[in-house]
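The following pair of complexes shares a single chain, chain A, combined with chain B in the former and chain C in the latter.
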Partner chain A sequence: MTLATGKVGVICCSGEDLPEGTISRVATRLVLEKLRPDQTVTLCLPLFLAGGEDERAFARVFPTIAVDGCSKKCAEAGTKKFSGKPVATILVSEVMKKYPHLKVKSREKLEPQEMELATKVAEEIARKVDEILCRTAKK
Partner chain B sequence: MQNSQEVSSQPFTEDKVAVIPCAGMDKALGSVARACAFKVVEKLRPGKAVLVCIPPLVAGVKPYSEMVKTYPSIPIDGCAERCATKIAVKNGARIKARILIPESAQKHNLKPGSASDIGPDGEELAEKIAEEIAAEIDRLVGK
Partner chain C sequence: MENRKVVVVPCSGIGKSLGTVGRVATYRVIERMKPEKTRTVCLALLTMGDDDALRLVRKNPCIAVDGCPAQCSKKNIEASKGRLVHSIIVTDVLRKNRNLKPEGVIELNDQGDKLAEIVAKDLSERADEILRKEK
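Let's turn to the complex of A and B:
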């Protein structure tokens, strides 16, 4: 068996109730597919919450980043409850405060402004991934 | 639509239906589950369908935990893990119908693209499933 190293799990809330949930989902996919494809994996939150043992085991062994749309912080709370506290949490509603000119309203398909915000969130996630891997490498 | 032992036969008189999509992150079919839920609650049956977000439901956050107990439920599962159904059952939902997206994709012979972009086939599949769910909602709570 080969143990994968140098990976960070990204768990997003993907909430359907608010546009911020969609931003969390799109930002996470941007990290996985474009920004840090070799350093990240995603953990499916519904599977994780429903009892997916592979997902939970990964989050017990590898560092994780929770990406939450709103202050309920469901991704962070779920990860903490079933595996361990995420190393970092990115809160979309907090990132939005830094970019007040970017408005979000769509829950389904993102408009250009919303995509821009998703990209900003993705960049924050990528920075956290780098920090975590850098810390891990020094140990 | 599936019938199973998880489908409740209890009578009910509610005027809304709870739609519970899995929104799985890793597969295109999870994105289709999400897309068809939005089509139902925002376009096809906005007054009759309520969207239940799974993470706060598991966390016991109101009103989601109450919605699944109050209204008949339709979970939409993106894969055979059937997380939406499992979580709904665990949280006391009265399930009246279920959607399993892989079966619907096979039935309609449509292949969605990726989790990031479900593509034209994924859009068409989401439309078709959303219409089936809307018809089921009419059957359950009237037109």
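Let's turn to the complex of A and C:
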């Protein structure tokens, strides 16, 4: 199987139990819908287990970025275990350290401050997408 | 005796608005309608076989809330040998409420919000019923 050109897979943990999981999810959607709509694709992480070989081939087809809410890094570990090693991982809790004034507590609907953090995470994902595509284009 | 809680597990549904409907409905139940009787767990943790997550779904009754017929939540609870006692697929609820057209993944439109409320009420009633039977 060969790498698809021009697209990067973004797999987020979605972390239903933690506000950081909602940030990972919203940031991923911001990249897919607004920042890099033509360069990114995604897949539900639990579909690696529930789905078939097509789903499990995801990280072998696309260079992949894992977006994790907490240090358990389920998206990184899950992608590696079921599909293929992600090229990069972005950890929401690490990004939060750069913006200590932005606090997160909502899981259902993000407040403006939380949306600002999700946007910062999305910008980091988008930068990583550009790096990966630039690297693949040079090869 | 330790109080059991119903564990409501929505799918991650990152690709569809119906995934968000299930997730929003879950938060309404665990945070507002039945906070003392329900809780959730990260589905990704279950997928990864985290010990605490496995213990939680094996010890407590679980409801799977899935956005689409792939039923990732249900299948992951079953694969974890969790106590799955009920399963909801949002597409089935939508079929009974064809006037609603949910849209949006980051944020639901009003109709998606209404659908989430319908799912939340169902979940809340189920949680009561399940805990009544557990006594």
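Quick note on the criterion: the second predicted complex is superposed on the first by the 133 of 139 C-alpha atoms of A that agree within 3 Å, B and C clash if a C-alpha of one lies under 4 Å from a C-alpha of the other, contacts with A are read in each partner's own complex, and residues count from 1 in each chain.
The rule is short, and it goes like this: a residue touches a chain if its C-beta (ideal position, glycine included) is under 8 Å from a C-beta of that chain, and two chains touch if they have at least 3 such contacts.
Just so you know, these numbers come straight off a predicted model, no measurement behind them.
J.: Specify the outcome, clash or fit, for chain B and chain C once both structures are aligned onto chain A.
T.: clash
J.: Touch check for A:G78: first (chain B), second (chain C), both, or neither?
T.: both
J.: A:G15 contacts which: chain B (first), chain C (second), both, neither?
T.: In the superposed model, A:G15 contacts both chain B and chain C.
J.: May I ask you to decide whether A:F62 touches chain B, chain C, both, or neither, giving the answer as first, second, both or neither?
T.: neither
J.: In the superposed view, which residues of chain A touch chain B and also chain C?
T.: In chain A, positions 12-17, 21, 25-26, 28-29, 33, 42-47, 49-51, 72, 74-75, 77-78, 107-108 sit in both the chain B and chain C interfaces.
J.: Could you please specify the touching residues of chain C with respect to chain A in the complex?
T.: So the residues of chain C in touch with chain A come to 9-15, 19, 23-24, 26-28, 31, 40-48, 50, 70-73, 75-76, 79, 105-107.
J.: In the complex, go through chain A and note every residue touching chain C.
T.: Counting only chain A, the residues touching chain C are 12-18, 21, 25-26, 28-30, 33, 42-51, 72, 74-75, 77-78, 81, 107-109.
J.: Along chain B, where are the residues that touch chain A in the complex?
T.: On the chain B side, the touching residues are 21-26, 30, 34-35, 37-38, 42, 51, 53-56, 58-59, 61, 81, 83-84, 86-87, 115-116.
J.: Tell me, which parts of chain A touch chain B in their complex?
T.: For chain A paired with chain B, touching residues are 12-17, 21, 25-26, 28-29, 33, 42-47, 49-52, 72, 74-75, 77-78, 107-108.
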